[in-house]
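Report on the following structure.
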Amino acid sequence: MMLARVAGTLVATDKEPSLEGLSFRVLSQLDVDNSETGTYVVAVDAIGAGVGEVVMYASGSSARQTEATDGRPCDAVIMAIVDTWEVNGEEQYRK
Amino acid sequence: MMLARVAGTLVATDKEPSLEGLSFRVLSQLDVDNSETGTYVVAVDAIGAGVGEVVMYASGSSARQTEATDGRPCDAVIMAIVDTWEVNGEEQYRK
Amino acid sequence: MMLARVAGTLVATDKEPSLEGLSFRVLSQLDVDNSETGTYVVAVDAIGAGVGEVVMYASGSSARQTEATDGRPCDAVIMAIVDTWEVNGEEQYRK
Amino acid sequence: MMLARVAGTLVATDKEPSLEGLSFRVLSQLDVDNSETGTYVVAVDAIGAGVGEVVMYASGSSARQTEATDGRPCDAVIMAIVDTWEVNGEEQYRK
Amino acid sequence: MMLARVAGTLVATDKEPSLEGLSFRVLSQLDVDNSETGTYVVAVDAIGAGVGEVVMYASGSSARQTEATDGRPCDAVIMAIVDTWEVNGEEQYRK
């Protein structure tokens, strides 16, 4: 999984019918030191993550292993809001 | 999912029989600020997106989760026409 | 899908039994302006594409959605010979 | 599979219900000479790997082929603790 | 599929039980002119490829389409030993 900050929202009215009701979020990928990498991806929000929150997202077929995304043309899903992580014994982020 | 502008069309008469009747679009990937990244991909159009429209596409096995692409050798599909997105509270694009 | 020119052939006698009888092609990836990117991949030929032809190939699990590749350890397949494509109203290639 | 050193841990309380009870590890990818590449990924730990250990991880749908991750939105899993590897007859790492 | 030279071996005693008995190989990816790209990957050997041999490997879910790797957390598999390939009519490698 990759780390990201929820940077914004996206609206798409005209879409595959199976995507009706899903929330799309624009994610800004984070490096392990909590800095932004400059890479963006659009993900479905399966857990209710607000703009500004730091999250983990899964890609590929694994992005369809939630009730919200099962069987839908979705290749990235927010599956957790991150509380904290540490690297080499140093905390890099705390919610 | 990634953002893209529909840049053009592609015709392929001699192809896997299961692809008969599908429309192929040449997509120019967009960055989050709506600028073109210079990366291109060919996707199946599952929703009727015209040239010039800004869309989202899904890749990999997720690209087969539409009626048009189910069970077909297709690894990228247009699954939504984008109305608008915003990043850090600023609108980046509006249809 | 990605665009490529069939650059050559590959022979492998000692292989997974399920791959028996398949044809392997060395593909030179094409950019959208029909120039070679310098990236190569080996793909199974599901449609009878000759050396020199411009084709589309699918990657990942989608590469197994043909009769030739179903259930086989193959992650890239030629699924169409391209007739023509255009970008921003200009033809980039014609067979 | 890729090689990595377990660099740290990650805690996420608010997550997809199916992920309850899984341990997340921050992995620092290793090059074949056992140096760090600077690339990080978050993986589920399926085998009890401690911080500092050198491991292999699998990505994509293959990351769901363990009892811990089956059917869950997880795209990277630690599936082995590495004892040793060698390249061109020279040992690069020993536990 | 990608081309590689089998550069070495890897031993991992403590691993997912389903991986018991599999052989891991360190692969050095080859470019189409048979030069090494400097990229390495660890793959399961499904066909008995020795160190030094030039092989093809498949990635992702396709790496599980062999008897050895079916249902296992493996994302790269050696599925063929290469005899020869040619590009633009010139032989690039012969076993």
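Chains: A, B, C, D and E, in written order; residue numbering restarts at 1 for each.
Here is the rule we use: a contact is a pair of C-beta atoms (placed from the backbone, for glycine too) under 8 Å apart; a residue touches a chain by one contact, two chains touch by 3 or more.
In this text the structure is predicted, and so the values were computed from the model without any measurement.
Colleague: Between subunit B and subunit E, what's the gap in Å when you average each chain's C-alpha atoms?
Modeller: 32
Colleague: Using mean C-alpha positions as chain centres, tell me how far subunit C is from subunit E in Å, no decimals.
Modeller: Their C-alpha centroids are separated by 20 Å.
Colleague: Can you list every residue of subunit D that touches 2 or more other chains, as numbers and ranges?
Modeller: 60-61, 63-64
Colleague: Viewed as a graph of touching chains, is the assembly arranged as a line, ring, star, complete set, or other?
Modeller: ring
Colleague: If you start at subunit B and step next to subunit C, which chains follow, in turn, all the way round the ring?
Modeller: Traced from subunit B through subunit C, the chains around the ring are B, C, E, D, A.
Colleague: Help me check something: in the complex, which residues belonging to subunit A touch subunit D?
Modeller: 1-3, 31-32, 46-47, 56, 58-66, 69, 77, 79-89, 92
Colleague: Sort out for me which residues of subunit A touch subunit B in the complex.
Modeller: Listed in rising order, the residues of subunit A that touch subunit B are 7-16, 18-19, 24, 26, 28, 40-43, 60-61, 63-64, 71-76.
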